[in-house]
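Sharing a structure with you now.
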Amino acid sequence: MTENKNGFSPKIAAFCCFHSAYQAADMAGATRHAYADGIYIIRVPCAGKVEGLHILQAFEKGADGVLVLACPEESCHFISGNIRAKKRVNHILQVLEEIGLEPERLKIFNLASNQALRFLQVVNGMAQRIKDLGPSPIKAGNSGR
Amino acid sequence: MKSGSKLEKILESGQFAITGECGPPQGADRSVIERKAQHLKGNVDAVNVTDNQTSIVRMSSIATCAILQQMGLEGTMQMVTRDRNRIAIQSDIFGAYALGIRNILCLSGDHQSFGNHPTSKNVFDLDSIQLIQTVKQMRDDGKVLGGDEIKGVPKMFIGAAANPFADPFEFRVVRLAKKVAAGADFIQTQCIYNLEKFERWMEMVRDRGLHEKVYILAGVTPLKSVGMAKYMKEKVAGMDVPDEVIDRLRGAPKGKAAEEGISICVEAIQRLRQIKGVHGIHLMAIEWEEMVPVIVQKAGLLPRPTPQ
Amino acid sequence: MAEDIKLGVYLCDCGGTLSKEIDFPEIQSRLEKIPDIKHIGLAHSLCSTGDLERTGSEIGEKGINRVVIGACSPRLYEARFMGAMEKSGLNPHLLSLANIREQCAWVHPHRSKATQKAVKQLEMAVKNARFLEPIEGEAVSVNRDVLIIGGGISGMEAALALSELDHKVTLLEREKVLGGRLRDLHSLYPLEVTPEALLTKKIEVLNKRANIEVMTQAELLKVEGQLGNFKVQIRAGHSQITRSFGALVVATGCDTRFAKEKYGLELSDEIITPLQLERMLKSSEDWPKIPQKIGFLLDISDEFSRISTISAFRNGLAAKRRFGSEVYIFCKNLKLDTHGMERIYREVRNRGVIFFKFGEKKPEISRANGQINVQLEDLYLGKERVNLSFDLLVVDEQVIPQKGFENLASLLHIALDPRSFYQPANVHLYPVASNRKGIFLAGSCRADLDFPDTVADGRAAAEAVHQLLFPGEIWVDVRKVMVDADKCVLCLTCIRSCPHRAIEVDPVKKAAKVVDVACQGCGICAGECPAKAIQLNGFTDQEIGVQLEFLKEAV
Amino acid sequence: MIVGERKSLEEIRKMINGYKKVLVAGCGTCVTVCFAGGEKEVATIASALRLAAQKGGDAVEISEATIQRQCDIEFIQELKEKVEQADAVLSMGCGAGVQTIAETFGGKPVLPALNTRFIGRTEEQGIWSERCAACGDCILHLTGGICPIARCSKSILNGPCGGSKDGKCEIKSEVDCAWQLIYDRLKSLGQLDLLEKIIPVKDWSASRDGGPRKQVREDMKL
């Protein structure tokens, strides 16, 4: 589906807030809407739980892109988790810039639990952008740890 | 007589004094000073020489004052505490006195972030009030700050600055009093455009009787254009340019704004002369020295006295 | 962990439907290669009682101590699975779930790809299961007494309802008397009862209840503690007291304000606010001048206010009845979204009240000869300007938060919405809950509500409080959030950033301490901690790390 | 506390260039509180360095360790094993921490990952500001508890200078004029008379100008 002629199918870690995006993803499934199989959903109780470090680690482990999907602005299940997440993502975007990774590889979106179509737009859009960008320049498993 | 400078003599005799200003060049070319001095000679009683004003590197104030002295003008050496510690300051005062300089204006100086070396380290070992104290101690006690006797005491006429337009307004006169208590003989103020506010300030000065303890020279600067007025209002710290002044310049016929600026300045001088406790004018015609004779003439302040 | 890990994996093909999309035998053969897996079971409907019971007894028989389930979304049956585990004697938190239906079978049309991803997810779930640690539950006893802040109608209703539900209630009122804004109203039309009679009756009942204590001229000084045990300092009159409460209800109401800047005019004898009109209608004294024509302006101070709208209807009708006045209402968009408003609207029209509707251009108001002129372009009448003069013009008011709202919000650490009203946890689903467990909101302190809604809100808050406190204890997960006291540097970041105010300083350990009863498990604290001293059980660095492993091995 | 700020990744990468194994060492005291060098920042910068190295095709091995305090040798000893295995140590402590590690492990290059900036306080979450210049001769009792040396751009002792406008400093409109703050505070304390007196020339010998400082408590020495 998202494979291009070189057979590149992007691997995308999608940190999904259990109270919004995770449900939207379930709904996308329930309505049998397909999306790229490289999208891997990581359940978090709140986008505010996603640490900048975890985003970097996702890239270290070979992610071509990372999504943080939070509750809609002003309607966070935990009041301020989505705002914290946005600020952290912005901070990590600066670090990515310092590293020399394209900022397009990291995105945060707000979506409500019933927005299955928005979920699909977001993940498919991301998959397409990453496909255009090509594989991450970081070689997975090459980590110095 | 504390120093015997011409400025001191004129003020002492109760005559209305005029001091001018000369900004040294950003280089070693003495002809710039000579050209500026031509406009000032005979029109002002002493000439302030700025000390790396707005933290832009220029010819030193001491050297420039010495050149002016050679040309028969009296210099007032400005000295800021930004660039020198107490050792360098006292050493420079010795040198300046030996070169014939008799007036000093004690300042803390603009912060280096304004100038062409924003990455430099500042000193501020002393502040302006402590500098006044230092010069006074050197003159009156014949001792350097550290306590050692001076051989060949520099007898300076000590000046200080005051800005009636900075905040907190009600503290400004207290700070003036501190400068007087520290040993200031004369005060030069920030450029005055808001005369009402200045009058209120002078009232507070008189209430404390400070006008009897120190000579106050009111600062004036002619405005060349609307642009300059707006720049002074918005960009220069501690400057109060009322909108009426800008409107008046704006209302001048095309090409006549400068003329209007001169008129505003002359009117201000005339009004300042009427204020009790104002002993003179400090005329800062910034990069417009050629207008000094005109302004002084129009203000009816010529000829200048020649004290013995 | 000293004990050996014995994994049990249970797969569910959802009544056989998933077999088309996922190759279950393939999954099984892949999983069989993993050591520690003692059992792999395939069920057709794991959510059914039969399958659940079977699974539960198997867990017990085989001594399985970690459970991995590959089935539908955890949003559906996670709790059910956990229940079955608990029944079998296993800690329910030793469960790791892979969502192979919604995230694999249903979204990846290629069977092989869906199968591969399901395998991957299950492998991760297995890895994850090894790190799982039991979370113990604990019953925390709670004080059943309730403090209600604000003695308006909403607070009084809450007090009465709670008293009936056998809670001891303390009702705090800032003023000398109870009643709040209701005291200013002259009628609750279409209700028969007058505000005065209603208040008298309510206060009478309140005073009779032995388990309600009313404190007037009282204010909140300090609030410490958490749900079940709030320690509250109150100043009542001249005395200062400290009490404990299990829950708090904020019912401080709202205030109104004439938006002078939007009108561009001053109030006068002829231009008055709805509240002034209420007071005038309430007084039995003769009016200085009978208003022959009254105009009501709406939607200028505040475009969202129901309160001004209902008051214009009610008082327009009252003026008609009392003085036979001609009544005009100028509005932009009528909002009739409260109980019975449609009916009153029809009545108002039938009684001959005339409506004008303006658009973006506001009506122009001027004075001449003791009269107030209103000029406007009515959207339906076209370009021709309407020009009317009035004896009395009633302007609308903006609904604003009650005085002192900032202070109360900071005392209670409750969140404010963009209009500075107290922010409900969920506007639609749980409007009387605040961001903090055990602190509830009732009435117009959270939104501009009309009388019936305010009353209902008070009762709803009382019900919510009762539901929480009535057993006298609350079952909480202990150590869901774990603080490593050795690592904690007490930078206070977690305490400042916890939206639920669930973290305190442990004065003995000199470290942050999570108050389990108040914690809602969002993990923001763990996300923030610069010392990595906080981990959220189920979402530890290790567990997140395992999930990220899938990225390493290409799908 | 001491407030520090991480250097740019580029600068850090230049410093560690040529070393094959680098230990990133965090400090669990001041710099943890200001989010510059605690365990999480250590992990973050380590991850970023690995990513940058991988992207650039360099082979560098990054290890991590965070100790309680880098300015005490007992804690630094905990790093011994990891330091020995590394070619260089990248310290995320303040200047004192960097130097203590360097003094402890003579043969190992120690590199600063932070710029140590000032002694300050948390104004609010995420904002820190300077409060003390460690001049060694405190005069806060004369200035209403507001330090003119640390907070006045010119460190003047008899302010405010002529650049004070609307409570702000002439150098930047977001900088408060320390002397306006002092004036307001003394006014509210009813101690404006303190400002009538001239604060004399300061003895800077107690500050860093007097040379490197050292403090000894004889009774506490073992």
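Note that the chains are named A, B, C and D in the order they appear, and that numbering of residues resets to 1 at the start of each chain.
Just so it is clear, a residue touches a chain if its C-beta (ideal position, glycine included) is under 8 Å from a C-beta of that chain, and two chains touch if they have at least 3 such contacts.
From a predicted model like this one, the values you see are computed outputs, not experimental measurements.
A.B. asks: Considering B-D alongside A-C, which chain pair is linked by more C-beta pairs in contact?
C.D. replies: A-C
A.B. asks: Indicate the whole-number Å distance between the mean C-alpha point of chain A and the mean C-alpha point of chain C.
C.D. replies: 29
A.B. asks: Taking the mean of the CA coordinates per chain, how far is chain B from chain C in Å?
C.D. replies: Chain B and chain C have C-alpha centres separated by 66 Å.
A.B. asks: So, what's the distance in Å between the C-alpha centres of chain D and chain B?
C.D. replies: One centre to the other, that is 40 Å.
A.B. asks: Just how far, in Å, is the C-alpha centre of chain D from the one of chain C?
C.D. replies: So the centre of chain C lies 43 Å away from the centre of chain D.
A.B. asks: Send over the residues of chain B in touch with two or more other chains.
C.D. replies: In chain B, no residue touches two or more other chains.
A.B. asks: What parts of chain C, by residue number, touch at least two of the other chains?
C.D. replies: Those would be 497.
A.B. asks: What are the residues of chain A that contact at least two other chains?
C.D. replies: Residue numbers touching two or more other chains: 51, 57.
A.B. asks: Which of the chains are touching one another, listed as pairs?
C.D. replies: Touch list across chains, by label: A-C, A-D, B-D, C-D.
A.B. asks: For chain B, which residues count as touching chain D in their complex?
C.D. replies: Against chain D, chain B makes touches at 82, 86, 108-111, 113-114, 122, 124-130, 133-134, 145, 161-163, 166-168, 171, 174-175, 177-178, 181-182, 190, 237-238.
A.B. asks: Mind pulling up the chain C residues that touch chain D in the complex?
C.D. replies: Contacts found on chain C: 487, 489, 491-493, 496-497, 529-532.
A.B. asks: Quick one: in the complex, what on chain A touches chain D?
C.D. replies: Against chain D, the touching part of chain A is residues 51-53, 56-57, 59-60, 95, 98-101, 137-139, 142-145.
A.B. asks: What part of chain C is in contact with chain A in the complex they form?
C.D. replies: For chain C paired with chain A, touching residues are 73-75, 99, 101-103, 105-110, 113-114, 116-117, 415, 417-418, 423, 426, 435, 497, 499-500, 520-524, 526-528, 536, 539, 541, 544-545, 547-552, 554-555.
A.B. asks: Within their complex, state which residues of chain D touch chain C.
C.D. replies: Listed in rising order, the residues of chain D that touch chain C are 28-29, 32-33, 35, 38-41, 43, 66, 122, 125.
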